[in-house]
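Quick notes on the structure that follows.
Labels run A, B, C and D following the written order; every chain starts at residue 1.
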Amino acid sequence: MTSPSLKINLAGLELESPILTGSGTFGYGLEYLPIIDADDLGALVVTGTTWEPRPGNPPPRIWETPSGILNAIGLENPGVNVFIQKKLPQIASYDLPIIVNVAGNTLDEYAQVIRELEKAPGIAAYELNISCPNVRQGGMAFGTDGHTAAAVTMAAKSVATRPIIVKLSPNVTDIAAIALAVEEAGADALSLVNTFLGMAIDIDKRRPVLGNQMGGLSGPAIRPIALRMVWQVSQAVTIPVIGMGGIDSWQAALEFIMAGATAIAVGTAFFINPYVAKEIRQGLLSYMEREHFTSIDQLVGIAWQ
Amino acid sequence: MIIEKARVISNSEIKLGYYFLRLFSPKMAEVAEPGQFAMLRCSYNNTSDPLLRRPLSFHDASWKKGEISFLYQVKGKGTKELSRLVANGSADVMGPLGTGFRLPKVSPGKRQPIAIIGCGVGVAPLVFLASTAHNRGYEVRTFIGARSESSLLVDPILVAKSSVLSTATEDGSAGYHGNIVSLLRNKESLVAECGPAYVCGPEAAMAAVVSLCTELGIPCQVSLESIMACGVGACLGCTCNTTRSPNYTRVCTEGPVFDGEEVVFCD
Amino acid sequence: MTSPSLKINLAGLELESPILTGSGTFGYGLEYLPIIDADDLGALVVTGTTWEPRPGNPPPRIWETPSGILNAIGLENPGVNVFIQKKLPQIASYDLPIIVNVAGNTLDEYAQVIRELEKAPGIAAYELNISCPNVRQGGMAFGTDGHTAAAVTMAAKSVATRPIIVKLSPNVTDIAAIALAVEEAGADALSLVNTFLGMAIDIDKRRPVLGNQMGGLSGPAIRPIALRMVWQVSQAVTIPVIGMGGIDSWQAALEFIMAGATAIAVGTAFFINPYVAKEIRQGLLSYMEREHFTSIDQLVGIAWQ
Amino acid sequence: MIIEKARVISNSEIKLGYYFLRLFSPKMAEVAEPGQFAMLRCSYNNTSDPLLRRPLSFHDASWKKGEISFLYQVKGKGTKELSRLVANGSADVMGPLGTGFRLPKVSPGKRQPIAIIGCGVGVAPLVFLASTAHNRGYEVRTFIGARSESSLLVDPILVAKSSVLSTATEDGSAGYHGNIVSLLRNKESLVAECGPAYVCGPEAAMAAVVSLCTELGIPCQVSLESIMACGVGACLGCTCNTTRSPNYTRVCTEGPVFDGEEVVFCD
């Protein structure tokens, strides 16, 4: 018997593995790729990129909570031009499809960043971050309303020749409705979820712990909610869904795939276990062999089919 | 950088609330440098609270014995979990990480004095530095402060490697009665001759020592702490304010050791 | 020095302690009150009560997740009449203010249940559950829209002589807006949060774990999000807020109080540690003594004041 | 009902993956009855994963020694944490909980035979029952099944208290070659004379044994499992389907022991 296949087609991209990196948790890959096996990954989703360089939020930026972390990085990044000139050539050497996470303050800024990225080679797709909870104009406002979410999507589509993945915010009443609006606006794929807006208070200082007061909650704590959203959205739309939120094992990855995710992304878990992508890949393969699945596609959405 | 499950040689409480952890990790022992640190996983068996690894500086590393060690204070749930490690169990450790202390270039034949200044558990990373410096021919002068005797960590290796070792406690329960700055002022002539001063301790103490060093005209290096998620430079979570770059600087990668004058301490 | 006071005034109710029980997690108090000290509690919030008896959802109803649990009890309860005749007299013996959590399928049902409860003695207030995620018509639909939330509140107010506390759903985009709508409709206090809609999948059976497919997530996992919501809502409204979501220690309770909660409720933590209310009470008192606060009121919202 | 941090007397792996935990808890030892259970906390030091307590049946309780014991299989992260308990450490235990086994009324002087039927770790609660029944003058006939030798738990107390003890494994690696039902059929005459049969094991096995008992015309009692949050009847999370009441029934309070015929097994 030939070994089962983990290949997927994601909005036209042929990926060798359904395991992606969560934007912002893997930097530009330059820290982790030297120590892990790039073959375990299907694509690299890099840190949120904006037009101008951004300094990010004041520290502290990270706070641990039960089974989760709050982060308030605040989209620190060197801006799209430095990204193209300095970072992109370095990542290119790893021969992985690169998906650039794009953020902006205005509709125009999203389009502007993408226009710039269009000129650069070696980018597979864009992921629109309309869901960053950590900067006032960091996107979350765009992601919590169907109309604006659709507007950003259209603005991006109108300038992009590469696929547009829209990353949804979980801080909404009806994520399926927003997913549908974004699909109608032309999105090629969806990714969900970004972090949940949360906070912690330092009871000695009697002030919020984070420099930015609020931050985004990620990690295993949010997994049950993220999974529910993937379940709802993947049944509502026809475009593929990239599922994420607290995935730290092959079992958790499989839950998301069975709930309807075509691909999954690992974020916070890399911090604790840089080998997690390999463990997930091997776990999925063993499961498929044991249960006689030949292609990972057969498992996508199997829990509601 | 290495990630491995290292065998625990021992993990013992050396003083109430302070533990000494020795791991068998030949690969890490060979490359670790003073001032660098490792990230230790505190949750096992797929549990996820505490979630993040915890950073601990190398207290020592011996490539001969294939051994690395850590000196840590039990603060919260992560270090509490670490304190449950038992001999022959395993510890999931990732390192060495960060940029450590830099020893000064010295003219051949000269026995350059350096100052080692530690407060509380801030002594931990300085032990490795002291023995390395001593072995490379520097003269090590050590100044240790603490709130009181119960948190004064006079490490035997430090004692062995130092030509001078002075201690102070704020409550006078051991050594000189006063804080670290007043101890240093008291020994000003000894300190002022030193090549860099190497400082580690609570932020307020480090800020005060940095001022004093500036005043005395000697360079100094400080080891900063920050809450860390990844420890390798990927998450941008651990940044601190420095004069070095336009933006924030990552403590885990550009640091944890910085030149005293480039750090912007918040007060 | 006299010992600090934990007394609070909650929508006109004078309570000896700001520590309440989360509805549905403490039953009718009959299991826990015999083994704990009732004096630690300010009031007893009993399980959701509906007009008809409800059998609840098929098992499994509980699933543990990282630092949380999913529950899909489905409002199992004997109905308002049995509650009044059988349960109420039993609880009354504990001499604690009793707050009845009320749920219904329709606006009318909420009113109908309250009308019935009005006839019974020994009830301090009502808590409207417009946020139960576990039954199709269990309230969450009412709680995710400002207009319907206001309508339920008005329907309840029109028949109630006792204070109305409205329990908000966290499964919304803008919880402060819903809080405001409910306040304008006449609510006397708010409680938040109810559970987050979540799910888990059994990868062996390839089906959702819970009998009801989805359930509500509670426990420490949700604390950062719940705390953020209490922070936002308590600054938006002038009526008092009862904060809850993952409180398991006095430190966590204090975070909610500093974020603006006048009272707090403990839910899931009772399951693990039935003595948690005592630990919270003693912890708050020690903190106040140490930090020279004379009344817990002084700490309410101190983190944003 | 008692909640306490009980001292661990011992916690040892008696067979690969199976542990035997003994706690010093005189108060609980005095009141615990066969078939009742306790909820053990698996997280310490303010960690919250695993969050819930885990239910374990009393394997034995001795008011003389002030000791309670549990026999458990390491399944997931909760029992894995329990397996880390060490002698003289403490275990946070809440109990006794639930409604246990009921022994039949017997005519004076008659040595009533009862059947003890356990599969895998289902043997655990039956040990306490067997010794109690034996001490009260019943004749105990024991039938133990398992997938294979590695999960066959032949408890020494059971051996001592039983007049008959038969074992079976599905793979034939020990005892009779076959599942528990075929073992019972093989010993049908012995079983058919019994007063109640007491059954504990995987749900499918219990369902099959209940059918057999009905066929043989003997009453039986089964100990059910269910995922539990509170263990005391407050959360309504552990309900199962019975013919007893109009609605669901709480396993933690009305159970875990039910009459075989009132349980609605799902297949």
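Heads up, the rule we're going with is that a contact is a pair of C-beta atoms (placed from the backbone, for glycine too) under 8 Å apart; a residue touches a chain by one contact, two chains touch by 3 or more.
The structure presented is a predicted model; accordingly, all values stated were derived computationally and were not measured.
Under the touch definition stated at the top, subunit A and subunit B share these contacting partners: C, D.
With B-C and C-D as the two chain pairs, more C-beta contacts join C-D. Chain centres were defined as the mean of their Cα atoms; on that basis the chain farthest from subunit C turns out to be B.
The distance from the centre of subunit A to the centre of subunit C, with each centre set as the mean of the Cα atoms, comes to 34 Å. Separation between the centroids of subunit B and subunit C, computed from CA atoms only, is 47 Å.
Taking each chain's centre as the mean of its C-alpha atoms, subunit B lies 53 Å from subunit D. For the pair subunit C and subunit D, the distance between C-alpha centroids works out to 36 Å. Each of the following residues of subunit B touches two or more other chains: 43, 46-50.
Each of residues 66-68, 219-221 in subunit A touches at least two other chains.
Chain contact topology: the protein chains form a complete graph, every chain touching every other one.
Partner subunit C is touched in their complex by these residues of subunit B: 47-49.
Considering their complex, residues 24-27, 31-32, 35, 47, 53, 55-56, 58-64, 66-69, 71, 73, 76, 219-221, 248-249, 268, 270-275 of subunit C touch subunit D.
Residues of subunit A touching subunit D in their complex: 66-67, 220. For subunit C in complex with subunit A, the residues that touch the partner chain are 65-68, 70, 144-145, 171-174, 196-201, 203, 206-208, 214-215, 217, 219-225, 227-228, 231, 246, 251, 254-255, 258-259, 287, 302-303. In the complex of the two chains, the subunit D residues touching subunit B come out as 43, 45-50, 77, 80-81, 84.
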